[in-house]
């Protein structure tokens, strides 16, 4: 838990919460970042200190909440979900972050420990940009912006997954592809559930006539709003592409079945009549005149060859054989 | 039928309705809970006592109604549907609950007997939270909140069902899976019909300028509203996943057909030409020179082996055989 | 054509329209019900008598119109569609009903003859409820309510059809099922076209500031509005279920094809190699050593049995055989 | 190009546009109908004469425009698309019509020559209805109404096509059916694009506070509006039915494949084991005891018959054979 | 980088930005076109010169942004995406263009170098139309109009692609068709993402009460707005057609599988029973009376012919054979 103030930066790691009030009084902006929601007593103490509305605290602590922003008497509550790209994770990881914006403080509650807010902390320490000369509303904007920006690499990764899946769906028909498509679908649905309400939440921050958010920061928040809309646009596009992937996969399977059938049909159609002919002359009738003819055997072989070639010619002419051959090559290599 | 009042809690099990007026007069908040809608005379008597609008009573008694909230002259009517998780039930059980909110009373009508409101009753008896010091509007909020919270375990169960069904759809193609998918779809549609209008109903409670609902309770109801929206979000996500399950199932069936076809094709393609060759030398022509050659038989067997191995090699090279083998293993174990 | 008035009920079967004005003058509410739109002269006469707007009359006479409600100078026009359950009818029967609401009269025009309004007539005659002591707006409400209630049994029937169709889609793959699913879909689309605009129409009745509709009746109409919304909810649910039925049917067909293929594949895979073996020893080569071995024949039969059993074991182990067996039972009985 | 005026009708075929101003001055309403957009000079002259806004003229001349209605300083521009049923046309023919409504004139521009407005012209000449005693706004209404009414026969035809296609999709699986379904889909999409914006355009005409449209004509336009909504309703219903047709077709194809498979499986399953048996006794082993038994041959034939009948019995009992038979009849006749 | 002014046209290729202020002061309208976003220093200098809001500059430089229009204190920022048809490109190429509209200047930033604005430049040089006598808002309109018009040829090309793909989907079942359908789908989704927000952006330009946009130009922008709506309409229609193409393709594949199956079934059904018959008389039983009958062999051949012809007749009568024949012709030629 770290606290910061504007003009000069002071990092505090308060042992007990009793240290907080003087810090609050001394500095124009204080940021208290609480990671992990386990310590109930501490949270209740904090709530008292900052005079948080009981419902606001409840919403911040009970996860998962729907992203939203709500005005209370003394403070603003902005609940959002952040996401992080984890190595090899098939599920989308989202985590609830609650931001309380007060007159001279920002209080953030994260579900788990993490260092997503490090860039903001660095900007404060380095004094880059307007962050140190602005109020707590600008700090809140910086935090929200950081969270929203965290979605872009996730979306990019999903986009790459989708392209890889498209190739897979066309090339092979394994069950794992099916499973991956479905998992991506679920990921996108979860993403959507996390992103959609953020648009409303940011929009509410902009529209609400609260004195806690100043006009210049509203312009910056408008930028955040545009980003959430863009996120939604992209994720909707992905969702539709993903829906089509299942159709693509099914078409691909259907076509493959078709190919298999063609092979079976061609081989059967060529050999079954020939086998029948061989069967004819394998019969033990006493009086089959052909059996005694000297050139009958080679003649029959010739007839069989003609039938086989004729069959193949017919199949080629209706496009089955050629097509299969053409198909086989990319299939074998892919 | 039980009645309660705030400062001190009194449980009444009134024998006749004539006992109610003095209770109403004595206590600041009275809650009358009627379970079962069978006794028409009683209901009419109650309606007279509380001066309920005839249409309001009609709506409360005629089930099923669409969840809604309506302002009448002397009271507020909030109709909702609650759900309960029943063991082994494939259908979603929903039950209509009507809540009449008056100046100093709350009147609830349940379709069937049940004890969903027990937690609220306990909070009243124990005097936990603000429930005893607040008016009937807070009591109504507590009841509505309890009903809405009842949907969460149901949704969780459906979510688990969906995951199990996904596995089933991929692993086996039995009709029962199909039936379950369709049943879940129907469940979700029913759930949706129960939940969607509750959002509007709660929203109406918040917006309406009725003096029966006080401002602090409106803030609590806003929380209820957020919960219904979250319920809707989740159920919509489930509905989409469920819709995709059918596609997944069909893809899975298609792929399975494909596998079956491949087995048939491979076996046929290998043996049909060989059988034809055997048929050739089973013919009874007098003059087949090969028949008299000593090493002809082993030579033919060798040729056959070469053909068979060649066929298998071709199938492997176009990816059919390997794939099938790979498929077979998880299939056999799953 | 019957006319009624409030305090005392008088049934008139006016021979000519000249009888109507004195009836209008004498009674506080008059209801003129015209069944069938054939007699143009009569309709024009009526329009003059009641000073109907030419466009209003045109809308009432030209069928089909979209349900709507419109305010004119002297009267209100409410056009709606009623439906009736007819025995063995596959198509949904809807019929246009126009209700003109004036200061002291209600004028209804029905497309065909029928007795849907009989319950209202009985209530008037019996003097049950508020109908006789209220104005023409209440009478109009009663009529609209009767029409809307007429949709419930239709929806119930469709719901039962859907359940039966679900069973059929899973059990058998006849074309008639396909036809029925499509017919139900069409029915639901028609129903939707009839019901959706009624919501708007009733809503317009409630919102419009016309003095012809009094405030208490507006509360009753709100009830009608809730019913139309409920109708829409249910029919949308049905529409989605029906859309899924087609998918269900296709999955069912796909699975059936799969089953057929399995039977073919199992039988072919077992017998084709055996037939090949038999073909080998049916060859007429002079030098096949096995042919002269005494125990060769029973040994070959044994080998064949081993191959067959081995094949069946493989098929069972990959789940094809067992599944088919399990499938066959419910299939044979269903 | 014809011009008309109210009290007495005068048909003008003005040689040059210089004739127009005096006509305009003399008559209360003048209608100038220009067919074909080729003559640019003429159009520019007309624009000057009527003081048309350059953008308005541009919109009217550049086809295709989206149907819309726009207010300009001196006039109203209503752009719409009309449709005409052409014999044997697979594509939907739509044509842009621009209607300029001024203080005392109506100016129509049609893309191609045609006589769709003949009924209106006849009504003017005959003096039927209010057309001659009303202003240019009523004339515009009459024209718009004529255009909208022109969509009804087109929709009817499409409805008939859909029913025929449904039968075809169920009965046969030719590619032409597929092509027709897709063509109808495209037709409906084009229709939709033509009809949807007309609703807005008419609605804008009604809402706009322009003095060029008088109140009574607004009531008539409300009727037009209802008609466009009805057109949209019907075309949406058709679009959904058409979308289902593709599914229906696919189900039908799937079922047909199923039937074909059943025939193959039944025939194969019956004869392959029998052929195997025959192969057994066609082997040339020296020591096959059965070969020397006198009654072995008829006995084997008997066994074969038993196997064949047994197989058929099994297939019938699992419903394959009976179903196929039942299917075959309507299939053969249809 | 070129600058222009109204009355007389001056082309500047300013070496350094210090040359710009005097040009700005001298002329009523100046247009500065910056191509490529690489030179950060230059951009920051420009921003200072024109007093651009830092967020505005950030939005213009960070690509991709969602098209939007935003009001700032001193200027208007309109961000849009333009598209260009590139030879042989399968992906849709879009490029961000930012237009800053100030009191007496227009500043455009393009992502890459290009000459899309050449037509506007020519109109300025030639002094055609109102462009030179109007303010910077009209110039901005001309630029926006040029960008929007650039979408039409792209849409046309996609429309042609769709028609070609429809033919391909019906005629052949190659994987490349599938890939093309999916690529077109993606193209349309990208197009949509580029076009949809432009509608809002143009609409915001029209609605905003900024003094930078004059009333006459608002009328021209209304025209732009109509064009974006039309673009959206067309692209939505294409999107739906494209979605149906996948279904069409699948139906086509399904039908093809059906055809393959029919060929296999017919050939198998004809020859398998005949082969069985031949097998019967190939058995080596000692006592098969038929073998010794003189005319048995020709008689059997006759029976076989009768069976074969009978089979073919049955297949023709149930419509399989004829249909296949009919199918084969267009298939062979297509």
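We just call them A, B, C, D and E in the order they show up, numbering each chain from 1.
In this section, a contact is a pair of C-beta atoms (placed from the backbone, for glycine too) under 8 Å apart; a residue touches a chain by one contact, two chains touch by 3 or more.
These figures come from a predicted structure and were not determined experimentally.
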So if I look at the partners of chain A and the partners of chain E, which chains show up in both lists? none
Centroid from C-alpha atoms only, then distance chain C to chain E, rounded to Å. What do you get? 40
On a C-alpha centroid basis, what's the spacing between chain D and chain E, in Å? 24
Chain C residues counted as touching two or more neighbouring chains: 247, 250, 254, 257, 261, 264, 268, 272, 275, 279, 282-284, 288
So how do the chains connect up here, line, ring, star, complete, or something else (other)? ring
Chain B - residues contacting chain A, complex: 166, 170, 219-220, 222-223, 226, 229-230, 233-234, 237, 240-241, 244, 247-248, 250-252, 254-255, 257-258, 261-262, 264-265, 268-269, 272-273, 275-276, 279-280, 282-288, 317-320, 323, 326-327, 330
Taking the touch rule as given, give the residues of chain E at its contact with chain A in the complex, in rising order. 53, 55, 58-59, 65-66, 68, 70, 172-175, 178-179, 182, 185-186, 189-190, 192-193, 196-197, 243, 246-247, 249-250, 253-254, 256-257, 260-261, 263-264, 267-268, 271-272, 274-275, 278-279, 281-284, 288, 290-292, 294-297, 300-301, 328, 331-332
